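Common to both upcoming complexes is subunit A, partnered first by subunit B, then by subunit C.
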Partner chain A sequence: MVQDTKHTSNKTRLVKLTVNGVAYERVVEPRLTLVDFIRGELGITGTHVGCEHGVCGACTVIFDGYPVRSCIMLAVQAHSHSVQTVESMSTGDQLHPIQQAFWENFGLQCGFCTPGFLLTVQDLLSRNPDPTDTEIREELSGNICRCTGYQSIIAAVKQAAIYMRKEE
Partner chain B sequence: MPTSLLCNEQIPLLRGEGRYIDDIEFSNMLHVAFVRSPYAHATINNVDTEIAKKQPGVVAVLSGLNIHSDIQPIRPLLDNSSFQATNWHPMAWDKVRYVGEAVAVVVASDRYLAEDAAEHVLVEYEPLPVIDSAATGMLADSARVHDNLINNILLETQSGLDKDDTAFKKGDIKVRGSFRHPRVTGIPIENCGVVADYRENTGELIVWSSTQIPHVLRDALCDSLGISAHQIRVIAPDVGGGFGTKMQALPEEIIISHLALQLHRPVKWTQDRMENIKASFHARDVLVEAELSANTDGTIVGLRAKAICDVGAYNSFPLTAGLEPFTIGSALAGPYDFKYYSYEGYAVATNKCPMGAYRGVGFVLGPMVMEGLLDQLSQKIGMDPALLRKKNLAQPTDFPFKSPAGPVYDSGDYPALLDLALEESDYPVWRNLQIEARNEGRLLGIGMSCFIEMTGMGRDIYRKRGMVNIPGFDAARLQVDRHGHVEAFVSTPSQGQGQKTTFAQLISSALGAPLDVIKVHLGDTATTPYGSGTFASRSLVSGGGALLKAAERLQDKLVKIAAAHWKVSDSELQYVDGRILHPSQKSEHLNLEDIANLAYTPFQELPSNVEPGLSVHVSYNPPPAVSSAAVHMALVEVDKNTYAVKIKDYVVAEDCGNKVNQAIVEGQVRGGTTQGIGIALWEELSYDSEGQLLTGSLMDYLIPGIYETPVIRIASMETPSPWSEGGFKGVGESGTIGAPAAVTNAILDALQVSAQDIQLPLTPERIFRLHNLTDT
Partner chain C sequence: MKPASFDYFDPESVEEVLDLLHQHGDEAKILAGGQSLGPLLNMRLSTPQIIVDINRVTDLEYYNSDDTGLKVGAMTRQSTLEDDNNLKNIQPLLAASIPYIGHRSIRNRGTVGGSVAHADPAAEWPAIMLTLDGTVLIRNSTSSRTVDASDFYLSALTTDLKSDEMLVEIQIPSWAKTSGWSFVEFSRRHGDFAVLGVATHLTIENRQCTKSRIAIIGGGPIPIRTRKAESMLTGETISDELLKEAAEQASKEIDPDSDMHASAEYRHHLASVLVSTALRKAADRADEQGGK
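Here is the complex of A and B:
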């Protein structure tokens, strides 16, 4: 494939979106992935790239309220939409109850997959405030953790569910 | 000592504020894309970079042809007469020897543009015959991976072959098996990555790398780049998992450093997952053929084994191709006591990705082989597998116990550990469940695996193995400021194992200092003392051992300063619970802050043998090895129609000596066991006969997900090591070592077959074939 150098810079699009409630505008190439946009263009680096083919779930973000894999979505698709990343979860020094529960239950080791898990759990608990072990396993089956063996993650989700039910 | 203390270092990670390699950003950063060989074995006739250089955003394009004379090849050494060293040029220039080997690199203002331009690098290859397996490579008339070597066998090792084998031959029963461990890889969720920046004003090259071995990597960079260590600072920032994959020097670490030196701009390379799978480091790919001789009463007489290890195209730094053959040779006898042992191991070069470490290394073959043979034996003589094991385990009174395979184990109570596993699993209940299941025509099986792991290995072992590039020791610096705040700098960095917390707990306990005045620094060659790094389950034994010795030395100093202050004798004083009591005036005492102040203030006179200030540095050579042990028990059901495996229950009884943080240990055991289950059931890097990788993505290379991973129940006991500081033993790899054997044996038990040819992973297809062994 021969690249037409003139076209590379001309084929750009304006992307306006909100990330974590803040409005951003950038001119980008249509091929730029959403995760590279969030990390590279906006410098918000909590979202991680683990596989770039939609398997590991480390890049999960909340897109208009739904968890999506930002490595297999393009930035231009996010035009006039809203995205939430892991940075949206805690308030000041106060961890989100899900983060708190992951911490207290050793639900992470290296932490690289963690942002994707946290956001997927946030989505799960918003729909199902008291999930069973089996439901947790089903809902998190798209996120890979290579460190923990998952048991501590399941414990963390159950603990988070308790914290969040108490908050309401 | 507080246990299961939460890990404060995880708070930023939870908040999305971790600083992993790809999060490091400079305004004038350059990005690279590598051009990699599509051939497993080929001559490079030409590399044309002219068109690529003209692409938008491109700053430079270099090929192996351009730079091979500027950069020394990766050439780790092994002090062994059979060893053949290999020259691994960080970018190939005359020949490529595996699919994915780097040939050229494009440097551009942006990663996308670098990848675009990489498409325009034109490489002319002339394919050569492919050495596609160790079996092929060992043939006398095989083509060679390296023309300058006499054959493809990079190393051979033997022990016991000259021993009198009359007893072995006389054993009543012989059982044989061949056990193939697949080629696998660590898959840390963070891929590898490097950022290098040359600071002209200081003449310093700073290399951030997602590495387990900052100091040893710096050694490798010095060797390849021809500059001295004081000009290089290696920093391992937050590292997203390692598992051994990140304990070898990567060609890319050298290339990126070279680029930063040449271009005087920061350069970043973040490995993508495809590169990680095909061109990082692979592990294992081992075939062991073994024969066990025993008597009808179940007593093991001896073991004879031969291991052939496919080590890929080059020796990796620092371990070399000797890693697997040596480890397997020392691991096969496991916790068992018997008379005769002979072993031969071969490391064979092939046209595949080079071999490095992965959690468990050759220790995994210990239980895979021995526990497999013992299950065959138990069927032949009709003895319960647990009883058979108990009959042959080394006894607690045998320690220090010299394993038939050679190494000496420090301590343990293997029969008690097996009892603990049987009790925790409710073994008789499992057997009853099995009877019920069989009556219903279901395939339910029980597998067990008793094993040891040699951990925290010191200089003696590496010297014995001839591994000249591994220092074998670790080090810690402990300093207390004039306010009594403590900083520790340790040479064993973290890839997520919680060392900062564990080490802070050690210091807190040793100095009686509250945790909030303690800070631990890791992973930076400019601040931490020189040491081996984190691998081979060594952080606590080696790094923690250094820290304990440092704390001890610091206590001595605290006593001397207090003695000088009170003008009393050292021998009258003791530092206990964070303070020293005055020998006569009981109401008077000095705490850490008081003494620290005395150490710094010019108004306190100090004896000539006491240095002012409060800082100590200790290098620690751990024992040759301290041996952890564990017993795994798996209850599995094989679906009669699909041959899918469901792990119904899983128990680990573990003994890793004294512990500091129970939750961190359990996290290591569960995570490791899960990786071992992956090896048993799913993970395999397959190549075709042309040396093309067939499993290059996470769609094909399957690692355990939350849905498949069982609940792992853990029972613990502690037999402190008499040899290590603190009585510690390592535990990082234990889970991965035990699980493949336990799951395999459970599946065979479910199928009621006594298979002699075991090839992992046990995919449904392979289980189907094994099942049909019984029917025919």
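Here is the complex of A and C:
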């Protein structure tokens, strides 16, 4: 058990974590989901809440380096862990190469699903810098987009892969 | 869609978990990877009084193999096994099946123990366990016991686990050299719940089938071993005709429902096609390993 009187209560808990490299502390109910914590408690609203049961991928965040669905995790589970959201990708006005590629290839229309796609693609390209169309489709099958019909997203990922390889 | 309130505990040792389960029994629910329980909580289909979160029990994140077989700690994440390039040499059927489990972000969080114990009739792990003669190691605060996978699954989402017990490890016996395997699954999109899936495992020695296992997911309330079809193969010389007959038999041993994804009739048909495909592939692989 973590030696902290607030933390060992089972009604409310102290959650200390870092989001995009910034440390935060909040006392919350254990039933609060991670995505509601990030948006509602911390006011970092780039992560979107879609289906709320782990199907659509809109709420994808990077948890200790790995993409996870923040709508089916509890905020208390992130205590003493690190989270990165879509806000971690760009630097000031400078888009991340993956964001640039999505922009150039019309990889979004309404943009609701985009934060989840961007982080999923970032993880995909870190493991597989030159994915085939089939691999891209398989990897993105866990993210739902109701606007684009996916073709432009696939094109964006291929473009992003080229940008990312050039960068290295 | 938010979880109803609950008391939350996140112990760091197996002993603490078992004490909590002993104390709270039926009112408590174990939270492992949360990829099934999370949605159930959000939709309030599950409203436990107490959540025992075992994500801080790092002692259960391990896997190892030796001559006797493979052992996997309950809190091992699916993606940990997926990323081990050597797994296909140790347990090829398992290595081939894991990418079918949900999506990458699900596998990053989802655990082996959670999937085996949740007993979703369309999940991959229960079929893997049945096909590979897996066993589960179960503990409560005073004792431990081992249960064969074939005795573990009782009815939809229900296993032999008692309310004060916890699945701590799964065990899979070592792989016979002249074995072949196949895992085939039909779903509308990669990573979706299987409309139907088949795991097979054949051992062939001197052209004769000495062991056969066929497990079907999505074919009923629990993952099903089609034992009559298996027995048609054991002791026989494999031929295309025999494999086809066994596949027909297997499709009669399932009890699927009709739902928005497929009718029961279609699932029966799919079973005969997929089992036939899977058995052929498994037999070919066994041949390549010297089973001819």
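Operating definition for what follows: the second predicted complex is superposed on the first by the 158 of 168 C-alpha atoms of A that agree within 3 Å, B and C clash if a C-alpha of one lies under 4 Å from a C-alpha of the other, contacts with A are read in each partner's own complex, and residues count from 1 in each chain.
Just so we're on the same page, contacts are C-beta pairs under 8 Å (C-beta built on N, C-alpha and C of every residue); 3 or more make two chains touch, one makes a residue touch a chain.
This is a predicted model, so every value here is computed, not measured.
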item: Which of subunit B and subunit C A:154 touches, first, second, both or neither; value: first
item: Which of subunit B and subunit C A:113 touches, first, second, both or neither; value: first
item: Of subunit B and subunit C, the chain that contacts the larger number of subunit A residues; value: B
item: Partner chain in contact with A:104 - subunit B first, subunit C second, else both or neither; value: first
item: Which of subunit B and subunit C A:90 touches, first, second, both or neither; value: first
item: Which superposed partner A:69 touches (first subunit B, second subunit C, both, neither); value: second
item: Touching partner for A:31 - first (subunit B), second (subunit C), both, neither; value: both
item: Residues of subunit A that lie at the interface with subunit B and also at the interface with subunit C; value: 1, 29, 31, 36, 52-53, 55, 137-138, 141
item: Residue ranges of subunit A in contact with subunit B within the complex; value: 1, 3, 5, 8-9, 29, 31-32, 36, 39, 43-53, 55-56, 58, 85-87, 89-90, 95, 99, 102-104, 106, 108-115, 118, 136-138, 140-141, 143-154
item: Subunit C residues touching subunit A - in the complex, by the definition given at the top; value: 1-12, 16, 31, 34-35, 38-39, 41-43, 51, 53, 55, 79, 102-106, 108-109, 189-192
item: Complex contact set, residues of subunit A against subunit C; value: 1, 10-11, 13, 29-31, 33, 36, 52-55, 57, 60, 63, 66-69, 71-74, 76-77, 120, 123-124, 137-139, 141-142
item: Touching residues (chain side subunit B, partner subunit A) in the complex; value: 4, 6-7, 10-11, 13-18, 20, 22-23, 25, 55-56, 111-113, 116, 119-120, 186-191, 238-241, 243, 270, 272-273, 495-498, 663-664, 666-667, 670-675, 697-699, 703, 705-707, 709, 711-712, 735
